[in-house]
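Naming follows writing order (A, B, C, D, E, F, G and H), and every chain is counted from residue 1.
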Amino acid sequence: MDEKTLRQMLRDVRAGRLAESAAIDRLRNLPFEDLGFAKVDHHRSLRQGFAEVVFGRGKTPLQVAGIVRTMLARRNGRHNILVTRADKAMYAAVKRLAPAAKFHPLSRAILVERDPALRGKGTILVVSAGTSDIPVAEEALVAARALGNRAEAIYDVGVAGLHRLLRHREQISAARVIICVAGMEGALPSVVAGLVSAPVIAVPTSVGYGASFGGVAALLAMLNSCASNVSVVNIDNGFGAACVASCINRI
Amino acid sequence: MDEKTLRQMLRDVRAGRLAESAAIDRLRNLPFEDLGFAKVDHHRSLRQGFAEVVFGRGKTPLQVAGIVRTMLARRNGRHNILVTRADKAMYAAVKRLAPAAKFHPLSRAILVERDPALRGKGTILVVSAGTSDIPVAEEALVAARALGNRAEAIYDVGVAGLHRLLRHREQISAARVIICVAGMEGALPSVVAGLVSAPVIAVPTSVGYGASFGGVAALLAMLNSCASNVSVVNIDNGFGAACVASCINRI
Amino acid sequence: MDEKTLRQMLRDVRAGRLAESAAIDRLRNLPFEDLGFAKVDHHRSLRQGFAEVVFGRGKTPLQVAGIVRTMLARRNGRHNILVTRADKAMYAAVKRLAPAAKFHPLSRAILVERDPALRGKGTILVVSAGTSDIPVAEEALVAARALGNRAEAIYDVGVAGLHRLLRHREQISAARVIICVAGMEGALPSVVAGLVSAPVIAVPTSVGYGASFGGVAALLAMLNSCASNVSVVNIDNGFGAACVASCINRI
Amino acid sequence: MDEKTLRQMLRDVRAGRLAESAAIDRLRNLPFEDLGFAKVDHHRSLRQGFAEVVFGRGKTPLQVAGIVRTMLARRNGRHNILVTRADKAMYAAVKRLAPAAKFHPLSRAILVERDPALRGKGTILVVSAGTSDIPVAEEALVAARALGNRAEAIYDVGVAGLHRLLRHREQISAARVIICVAGMEGALPSVVAGLVSAPVIAVPTSVGYGASFGGVAALLAMLNSCASNVSVVNIDNGFGAACVASCINRI
Amino acid sequence: MDEKTLRQMLRDVRAGRLAESAAIDRLRNLPFEDLGFAKVDHHRSLRQGFAEVVFGRGKTPLQVAGIVRTMLARRNGRHNILVTRADKAMYAAVKRLAPAAKFHPLSRAILVERDPALRGKGTILVVSAGTSDIPVAEEALVAARALGNRAEAIYDVGVAGLHRLLRHREQISAARVIICVAGMEGALPSVVAGLVSAPVIAVPTSVGYGASFGGVAALLAMLNSCASNVSVVNIDNGFGAACVASCINRI
Amino acid sequence: MDEKTLRQMLRDVRAGRLAESAAIDRLRNLPFEDLGFAKVDHHRSLRQGFAEVVFGRGKTPLQVAGIVRTMLARRNGRHNILVTRADKAMYAAVKRLAPAAKFHPLSRAILVERDPALRGKGTILVVSAGTSDIPVAEEALVAARALGNRAEAIYDVGVAGLHRLLRHREQISAARVIICVAGMEGALPSVVAGLVSAPVIAVPTSVGYGASFGGVAALLAMLNSCASNVSVVNIDNGFGAACVASCINRI
Amino acid sequence: MDEKTLRQMLRDVRAGRLAESAAIDRLRNLPFEDLGFAKVDHHRSLRQGFAEVVFGRGKTPLQVAGIVRTMLARRNGRHNILVTRADKAMYAAVKRLAPAAKFHPLSRAILVERDPALRGKGTILVVSAGTSDIPVAEEALVAARALGNRAEAIYDVGVAGLHRLLRHREQISAARVIICVAGMEGALPSVVAGLVSAPVIAVPTSVGYGASFGGVAALLAMLNSCASNVSVVNIDNGFGAACVASCINRI
Amino acid sequence: MDEKTLRQMLRDVRAGRLAESAAIDRLRNLPFEDLGFAKVDHHRSLRQGFAEVVFGRGKTPLQVAGIVRTMLARRNGRHNILVTRADKAMYAAVKRLAPAAKFHPLSRAILVERDPALRGKGTILVVSAGTSDIPVAEEALVAARALGNRAEAIYDVGVAGLHRLLRHREQISAARVIICVAGMEGALPSVVAGLVSAPVIAVPTSVGYGASFGGVAALLAMLNSCASNVSVVNIDNGFGAACVASCINRI
């Protein structure tokens, strides 16, 4: 029931075409979304309003292509389309539908850019510790851009080689939001957060072995950060970090 | 070595009073902070620039009073002073030094307000699930205000009674940043984040028993939130959530 | 020793053909099941009386077919036959024996319906959060039907999009028992249970990554549910939930 | 906004006293509960409609008495009042307000019986393994009665002495719902569930030491029960088990 | 240095051919085993004295055959040779060397019986809960026999169907040592141990899913057994249980 | 129904005073224990036949004394009475009833020796690693004696000082069963078991700090022992180890 | 059997006073320590040769004093005496015996310096992150000195304020061994180890709350350090770190 | 900015070519490494100065060869090149570039020895418990040699067969640093450390099954070692242990 229907119902009441009790019954059972709840569906709008997102893992290339085709066919705006955790076969399938599609092999993300407008107000900076953290960092980078942000990245600046990190001090200070990606001991967010006053979104990665327990060591380290401007998302969740950073950057 | 000393050194070089190599030696070993690194010490400035914070737990009233006395004596600005995890004895000791001190028994925080200026741009809203989550929520609320933010709170809106939460929909939508505090199953942040596009800082509490494992159940739930605008801080860390929210609210 | 033998023994005692002490000796060592213990074997009756169940995982198609053949040959009633965690090869093998067999690809269950009678008194409703929870939810659905219940399902009603869930409020309220399937943060059972007074069986799924720890996050959330009408079964145990729901629905 | 107000609003629309757009605005922001959502507040009704419950732990006798006084003063029906995790001081305070209050020292529950009506249809049977499980079992027993059920208990029937359990076979078979309380290895629910076709609610207790990990051993055992009619609630959650059992017993 | 050398050394001392201090030096550094320590090497004797054992997992058929060839060539007695965690390829390779070799497909053990003598004094009984526990139970059975014991097995007597277990009461009572194998909730050892006064060796298996955590649920249950004659070995360690049982049975 | 009643029933059948079907009905529901099941109650006999045991923790001195009074009054034999985890107040209370009672302060056990007969065939040796493991070791020692065994102890022979352990090699070799108690890294059972062919019961203790996790480190080490004659009981369970050792020693 | 006895035995063999076989028997059972194994008892020498150590926790002042009295009375050298985890009452008791005793309140260690000689070759530097890590750091510092090392400390140089750490770069570079103490996210050892080529002994502390899990977060971070010169000791084990550092510093 | 640039800048100041404030600005933002911080980059020097290391896992043979080619081309010294966790395909690729390359199949390491100089002062001894620990032990051995140390190994000396270990007592005592590798119960480092005064680096391996939890059992045992000269590195981290041992051996 959209506003038009609601308006018609009130007119029917006024015109006596609809009994009072029937109107009350219909109102009582009014589906929630009929009350203009579209804005409640923020989740959809966040992801689909500015970028439509497909989580590729566990889907077949055919399934991914099917979803993308539907997205391309939607009338309400030309949004960017992002496929995360994709592979080459998915890319081939998507490319056939959308020749502009680009594959980012490091992050295994497919991006069909259709809306180049910048919606975030500043720069989102992605910083990562080791070379093996790059896939997660790249996922954050590509997603941040897909969501309408200016985004940059600094890689391979682990805390055991401070000078490499400190060399980028100015770029780090200039960011509006920082996404900090690290596996192993997960110390980077604490060090980076100590250099800036911007919010730092920490992303633990499952990189490491033995007692890293698939990223738990890094996750715990980040939750216990002695820096006060750090909050944390799930292990390997580069996309999630980009969503949080993007919603901060739009403020 | 402050800027003045540096300037003098350069003048000495120019005037030939200081040999080139001696100058290079001194520069090479220049203590880092001498290069105007005060801004690197963001951590201190974040906490102490706008509010000076004492972590009360494990300290004696005497120790707390001593630290507060030093803070009161500082010349560089009149900042708010916040003592977290305090008790009545600490309050008595602080009250003697700063008659304006107020004790917030729910959060067990002492606040000496000396700088009423608002520095955050919007409202930080603290939402909590059960009555037993209130101490952590209050800590976040008092800290958010101490850090120069407009802050409000909605309590007792657990997910098993949705209508109580939905009644506050407008207030929730109006917030610039939301701090969402929940123990037990930790589901509140997911539901709240689904209603807004603002960033949601989730704080798990150690409230619960049995398989809540001191807040681990809530922590895991929050890290796995299906909402994309949620990031997480440590268990019971109301103060930390306020710091993150505050640094977002100042952007 | 069945009832007939027992009766004969008593007659022998009465007739003096069997000494008192010999009778006592035989009674003392009476195998348990001889005392009409068939009803103790409730477990078998629960599963086999109304539906005969084969747990497919780890078995070869040949083994599955062998077990199904035995079941088909049993004389005591025509029960439904359910093979869980099956695959297409098993289906082919079963189909040859029982042409009525149907394969449910989402749940990977094979159902040979032979007894369409409804034994449960109301409707069992299966509610699930994400699309990836559907296999577990479907297993619950198919099993609930195989066990003689009217069963319906509502999918993709995660808590971060409340309006989608609330749209189904009436169907939810009408169920006699609800099975609630969710991975990730496992919040759905708490929200659903808050809307009804029916018992809610919560099934955590291993869906998620990182700190979901194969369903542990959802399991803990469900055990800590703030709703008072929730009880929990093992991770991914859709079949088990259907058994519990079915035994409630028959009351 | 109750139905009366809604009716008035429609009349105003019909009478032209209220503009269409103003009516739509008011409807759009209609607080949820105004649409007859009282039934959504099932949670309150479940606990408060039939019994009003106070969770005593962490409250002062004064606070408990204050809450009970409010409950006693409510006009909408005379419900039973239950205080769980109480102590003697709380009991003294409640006794002064409600002379009919009784203290159950084993479960540490206070019950003010004001509504002796039976609402459950059959008997809820509480079975427990060791003497140290009795406090949790008693909490379940008292709560089941407070919620309007006929309830019985069998204690000290651990699985290492089967004959003690089997002696009660008939009483066990006669129950409509069974609550099975066990610590240590948590095996009792599996054995009991094998004897009946009724639903069994398993409650792990924190009884045990060393590798019982505060009830985790029993919890895991129950989640992995080989019996198909077992579902589980949180560790030591006797009250929760009674709620689930009660809502099944009312079907 | 064997006894002969030692004797020679003493003779050299006596004959004056070896200086006192040189003798002391040699004695001081005497390798331990030279002192007749063969009996210290109990480990080898336990496994190899009565049965020589090869742990097959992770070895190639060639490697297994090589080890078996060496064992066959040893002169000190004709011991049984047992290869655990083997496969058909290993069996083929061993069969070529020892035509008497037999493969036990359930336990995946190869046994070359060369010494049929019984060394244990009573019967070792292996009891297991579910059909999926059989591989571990069979490993215990074959190993117990290889180590020189009379050994029997009872399978599929889970605690949710007590009558099946109780039917075997006399066989259970007659055993000298019992090995009790169970996955899932691991309750069987508690129930069996309650029926006998013999020592019960409990073996948790990794059978189960979800919150069985690869056998941890069963392991914890067994460590917390309320029966007083239960001790526990590692998850899936059927061979280890047989070793313990065998060393008890030889007393 | 005891044997006498059963006999009478058979006589009634023979005399025609009891109908066949009535007799069958009564037999069908015959309580289990009436069939001479006393021997099933092994658990009670194991503990109470040779020693009656009270678990002191969590009981008041009055409660302990009450239980002991009942035990003293029993007619069926004069068994040893053991109170574990006791304190001085309990001892005073027991001493008043049984002047022969002795308190073992290290193990906090009270022993009332009433039956000095040795029932075990060999010696049970208790070996422990550190001085802080002694309370658990002493509990095992006192319990082993109370259960009718010759028992000895060797303390403070940790694996980091091998010579101290090896000095006792002969005493270790002479034991029929060994109880090996160790906290921290729990290595002692592996080393001791390597020296003997007797069964070794390993008892992890909660001694240690940090990553010993209350005995989990030692427990895991023991479960993973590379020695093949080691089985394990629960953390700090000296009494349980003595029960297992005693039941082996009686074989 | 000391060397003298051994020598005598050889003489007896030579003189024909001892039969060859008798000598062999005695040699065969030679207690290990008789072969000059004093050096095997390295453990004692390490701790007692250079410092005698008492672990105070769980001991009474009387017990501590008794042990110290024995140590003071030993003839073999005048070693330093260290009591860790002590309190003021212990100090008073020790002070009466050894007036030179000093109490270090931060580390709660008592040191009786009797041997001021330096045995380590370089400086052991203790670095710690937060003020609450100081007790553990001080324990390491005092112990390092008691073990005969030159030792220094730098406190409060957490990684979120790098400039504070970098200010001490030269002192850090000059150390021969570094002990790095940190709680919370445990990142300090990685950063410090990146600045030097000396070995770094990392000590996690139990400082922190929530998801620090009593030091587990810091422990895991340190085990996963990306720096290659870091090894780790147990949580809060300042004394252990000093032992390791001291044994490196003596090389 | 290197020293030359700095010198030029000072000259420009002196010559008046550069304004004082401009110079201060440039100094304030001086990149850290420009101050001669090369020595800060210890991490690179440690690994690359003496040996250049490639972590093979997860890389393609092509990628490995590419990195090795760059290393071979470097001008600053001829360092050893080590590829860890390599396979035969990587070896073939490397061999083509560096004919001197050798593959160590046990450790799966490739070593291109180009600098045979010994930099460590003593011998590093690698000791391991079981045959399955050998791959990790070999990685430590090859890495220790690659880093310029004399290194030896003793394998298969588990604690359940002490005589095998004690046979090597002299070789063990002679080592300057010991790397002790063990899976399962992880007891070896405690026993070895008790025999020597050298530092022992303990390496837990993931060898074992069931409750070894991928090396956690061994890790915990090592962290809780009762020997005072043990520190620990991550599970399976043979290379890391070699780095720590090497940096101790160079002192």
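To be clear about the criterion, a residue touches a chain if its C-beta (ideal position, glycine included) is under 8 Å from a C-beta of that chain, and two chains touch if they have at least 3 such contacts.
Computed from a predicted structure; not experimentally measured.
Undergrad: Show me the overlap between the contact partners of chain E and those of chain G.
TA: For chain E paired with chain G, the chains in contact with each are F, H, in label order.
Undergrad: Starting at chain A, how many touch steps does it take at minimum to reach chain D?
TA: Shortest path length, in steps: 1.
Undergrad: Thinking of E-G, which of C-D, A-D or C-E forms a repeat of its interface, with over half the contact pairs identical?
TA: The same interface as E-G is formed by A-D.
Undergrad: Under the over-half criterion for shared residue numbers, do copies chain D and chain F use the same patch or different patches to meet?
TA: Both copies touch with mostly different residues.
Undergrad: From the centre of chain A, which chain's CA centre is farthest?
TA: F
Undergrad: Distance from the CA centroid of chain F to that of chain G, rounded to the nearest Å?
TA: Centre-to-centre distance between chain F and chain G: 39 Å.
Undergrad: Distance-wise, how many Å sit between the C-alpha centres of chain G and chain H, to the nearest whole number?
TA: 25
Undergrad: Between chain B and chain C, what is the separation of their C-alpha centroids in Å?
TA: The answer is 50 Å.
Undergrad: Which chain H residues reach two or more other chains?
TA: If we look for residues of chain H contacting two or more partner chains, we find 40, 43, 160-162, 166, 194-195, 210-212, 216, 219, 223-224, 227, 234-235.
Undergrad: Of all possible chain pairs, which ones touch?
TA: A-B, A-C, A-D, A-G, A-H, B-C, B-D, B-G, B-H, C-D, C-E, C-F, D-E, D-F, E-F, E-G, E-H, F-G, F-H, G-H
Undergrad: Can you list the residues on chain B that touch chain G in the complex?
TA: 29, 31-33, 37, 40-41, 43-44, 58, 204, 206, 214-216, 219, 234-237
Undergrad: Provide the residue numbers of chain H that touch chain F in the complex, in ascending order.
TA: 129-130, 158-162, 166, 183-187, 190-191, 193-195, 208, 210-213, 216-218, 220-227
Undergrad: Touching residues of chain D toward chain F in the complex: what are they?
TA: Checking each residue of chain D against chain F gives 132, 160-163, 166-167, 170, 209-212.
Undergrad: Taking the complex as given, what residues does chain B use to touch chain H?
TA: 3, 6-7, 10-11, 13-14, 16, 20, 23-24, 27-28, 30, 35-36
Undergrad: Contact residues on chain E for chain F in the complex?
TA: Answer in residue numbers: 39-40, 42-43, 45-47, 122, 169, 173, 176, 194-199, 201, 219, 223-224, 227-235, 240-241, 243-244, 247-248, 250-251.
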